[in-house]
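In what comes next, chain A is part of two complexes: it sits with chain B in the first one and with chain C in the second one.
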Partner chain A sequence: MGRYRKYASIARTSLEITFVYRAGFVLNMLGTIFYVVAMFYLWQTIFLGSPNALGGFTWPEMKAYLLVSFLLNSLMTWFAEWNMSMDIKEGRVATDLARPMDFQASRMATAFGPVPFEFSSALVVGAIVATVFGGIALPADPLHLVVFLFSAFLATLIKFGLVYCVSMTAFWTTGIDGIMVGRVAIQNIFSGALIPLVFFPDWLRAIAAVLPFQGMISTPALTYLGKMDGPTTALMICIQAVWAVGLILLGRLVWRGAVRAVTINGG
Partner chain B sequence: MLFSAVIVQIAGFLFIWTIFQRIPTINGWSMWQVVMMYALIFVTEGVGSLFFEGTWRLSNLVYTGQFDQMLVRPLSPIVQVLANAVGFNGLGNIVTGLVLIVIGILNTPVQWTPGRLLMLVILVASAATIRVAINLGSAASAFWIKAPWSMVPMFVHQLGEFAKYPITIYSVAVQALIVIAVPFAFVSFFPTAFIFGVEAWSIQGLLTPLVAIYSVVLAVWLFRVGLRRYESSGH
Partner chain C sequence: MALIEAHGLTKKFRQAVKEPGLIGSLKHFFTRQYRDRLAVDHIDLSVEAGESVAYLGPNGAGKSTTIKMLTGILVPTSGSLVVNGLVPYEKRQQNARNIGVVFGQRTQLWWDIPVIESFNLARDMYEIPVKRYKENLAQFTEILGLDEFMNVPAGKISLGQRMRADLCMALLHDPKTLYLDEPTIGLDIAVKDSIRRFIRSLVVERGTTVMLTTHDLGDIEDICKRIVIIDNGKIIHDGDLAKLKDTYARDRVIHFQLARPPESMAAICAALPACETTTDGLRLSVRFDRFRLTAGEIAAAVMSRVEVIDFRIDEPEVEDLIRKVYLGQLSLESTDSDTAAPSLVEA
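This part shows the complex of A and B:
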């Protein structure tokens, strides 16, 4: 197991860095709360104003959906993405090239290190919001919770795979912030973070189905609520796994091409 | 950056549009009214970054000591901070936001007279002024927080999330927050009520220019108080 120890220590350091900058972390999280609270009020108005369940969701289920979405979006914040692309942009990647370890694996360790902290903080915040808004639907079956945790893990892998690929564009472009913002916007709409995909008209749902994003929010959230039957759940989780592996492999491919294109601060 | 602003707004529009495919109104507010609020938030954000991006860099200027230069020049440090940088990403927000506003106006039930059009221009200008004043006021936190970047402006900026939707959906506490404490409601909600001639809220919409003056006075005051504390970096 010796060869994995270096990655474990990278992950631990990354977590410690998050602790050092905890004020920034807390304010960042508080900032996303306004967004979550606004969404809660918006959906509350919509649900209380319509007599029937919308899109097959009851209001307690919708609340749970919104919080699962918040929880998953809180994992692996933009710091990971930002640092990765800045390392490339500012040339620190050169040091990484000289190190006896895999670049992608080391970045994965950096990105996953703070996840336990992010997860527990988001859980606390989510619990407070849930209490204020009168509770949420809990998984009907403990099995749903287990499947959900596995699905959430795959969702985080997909996120890493995607973020890694996007960061790689810093090899070719100097302005990464625009790409990051665009990625988040597309992801928010097609992952189901803003609105459950069942609300979409058919053509939009068809687009979402062939993209990797639905595995980031929609699939785990629906497993939490037990909204899909057994075979569908199995199929959706397989699709998640394929995207996770596919994106991580794509990242390796892009990396291989990218180091050849590397031009650091003037060639 | 130009392109990403367009993507963000299209995604935002898709979200609102999808909701209104299911229900006719939210608390009595129609789709185009909500789109108008949304668009006003983005246009004013764009104005803030295209012309006054400097507010976002104040904490860095203070931290690195570059702010000292501004104090010895014969021009108000506030003007220098505001004009310190240009954020081209703002252009994308302004253009797509304006497109949405124009489409929204074409969907209003009211009769457009020259006087009303003039009022529209005044309202949008006031909304943008309020936004820049909020940016400047929160950026002044840099004088208290001695770090390379301050999260306070971003935190206050996030309050704008509330103003993307009609304030009638919120509890009184949230309403007080965005009407009185940080007047984001005057950036989007009240101007929209006026533009669409919503009787119950139009009158308050006319207060927008006054709120703009109030916000500027408050922001300048905050900046001056902070400036008196300023003791250059390294102290």
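This part shows the complex of A and C:
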């Protein structure tokens, strides 16, 4: 346990720093709220045209899907990615490397520290939005909720793995901002954050199936709604786990290459 | 075996080369050209435990690159390096437990949280036993006067306070070796003094090995016994500070304040052969080689001829010496043979 205490301390500090940047947190939250409200109105209009179900979704289910998407997007904000890449760009990693810590583990602690707070704030906001829009579909079975929470945890791991790998590109390129924007754009499409994947044409769905992004929104959202049967759910969660572990290992590999090959700027 | 042992240590960087102008940028966009630059070029360095070493050189000479290799931050291109029985880049984390690092231009403290919380994080990161942590913290707090800003976030304290807090942070885990990269940069004289005194006491009382890079020669004279000079990636001098002074700073100057103008300058000059004598009104300065004459002899010769009110002796200035070494005016090839006269080449 003693060995991991340092990472717990880092996570706690990271959470504390989130409270320091209160205004940034609130603004970021407001941005996501506007976004989710806009999505609600958009889909409401679509559902007005077809009162029954669209792509197997009823309107209350769609509202739940959108809120789960909002909840997962609120975790581990762009802040984590930005900080990591700036640390690399400005050479602050040198300080980290002079410490007896695993770099990836300390970054993971930093990224996960604020998650409980982000999760509970998003839950409160989500509940308010749900109430205003006349309620959402709740999990039919408590088991769905348990599976959903596990799936959401894996989704956050995938997000970290991805963000970490993307940040590493800061070692080679100065244009990390563009790469970050690109990552978010691709992720928004293929994760199912904008449109559930069932609405995709077959070929696009085939692409989404082999990418890690569906595990970030689509899979946990569908487990919440209980849209998949038992075996499919198990398979999808396994795919999530494989991506999470794979991306984290890839990050370690990239990092090892980066420190060997590349100059650490400044100082 | 010495604490730090480096043989043929080399670090090569790849630098992008771009021709000037729009055409050059366009060319660079399609075909990147690179040039290898040797930041550190086959250096040999051996530092014993308890030594205090100043590591000097002009900007871009390879100082920081060397320090980064010693601390395990950078992986050498070639050569061997063992610090305290470990190869730093292979056992980076283990090595990190044995070292303290202070970068003058970059803080180790967390910007947004009170200083004390950064210290507490250090306690967890280095797994410092609670009792030892409390002892060290109490001691450093007192010596460095950290009390007044202990509960203020690092982003809101002054540079001098930040440096003192950074020193404390780097030392809480009782490191064997302390690497200081420009620790007094931008500080006022009073803070510089207290920091130097503190580092000096670490060397004397705790036996901490100190390796210091700096542009401030006061740091060297107050802290270090040995100086290593690097230029263009190569070590061009490695030796005792006192010996460097002896070998190269042979000239001293005595300034006399006279009661009245001397009757005959020629007589004084004649009495002081091989000295360079200059006068300016009631002031008389004599530059002499301290291995051929003593200050006493000079003073006696002058005082027997004119009435002297006051006099002072200028010590050889390390700064002057190092400037000459940087400018290539002093060839340090002859350091091996103590007796050889320094070869002064006018640039």
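Quick note on the criterion: the second predicted complex is superposed on the first by the 261 of 267 C-alpha atoms of A that agree within 3 Å, B and C clash if a C-alpha of one lies under 4 Å from a C-alpha of the other, contacts with A are read in each partner's own complex, and residues count from 1 in each chain.
To be clear about the criterion, a contact is a pair of C-beta atoms (placed from the backbone, for glycine too) under 8 Å apart; a residue touches a chain by one contact, two chains touch by 3 or more.
What you see is a predicted model; the values in this text were computed from it and never measured.
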item	value
Clash or fit, chain B versus chain C on superposed chain A	fit
Touching partner for A:G230 - first (chain B), second (chain C), both, neither	neither
Partner chain(s) touched by A:P201 [first = chain B, second = chain C, both, neither]	first
Chain B versus chain C as contact partner of A:G31, first or second or both or neither	first
After the two structures are overlaid on chain A, angle v-u-w for chain B, chain A, chain C in degrees (C-alpha centres, nearest 10)	90
Chain B versus chain C as contact partner of A:D177, first or second or both or neither	first
When both partners are placed on the shared chain, which of chain B and chain C touches more of chain A	B
CA minimum distance (chain B, chain C), superposed complexes, angstrom	13
Chain A contact footprint on chain C (complex, rising order)	13, 64, 68, 71-75, 92-94, 96-97, 99, 101, 103, 105-106, 108, 110, 112-113, 117, 120-121, 124-127, 153, 181
Residue ranges of chain B touching chain A (in the complex, touch as defined)	1-5, 7-8, 10-12, 14-15, 18-19, 21-23, 26-27, 89, 151-152, 154-155, 157-159, 161-162, 164-165, 169-171, 174
Residues of chain A that touch chain B when the two form their complex	23-24, 27-28, 30-32, 34-35, 37-38, 41-42, 44-46, 49-50, 54-55, 175, 177-179, 181-182, 185-186, 188-189, 194-195, 199-201, 204
Touch list for chain A against partner chain C, complex	2-3, 5-6, 8-10, 13, 16-17, 20-21, 91-92, 94-95, 97-102, 259-260, 263-264, 266-267
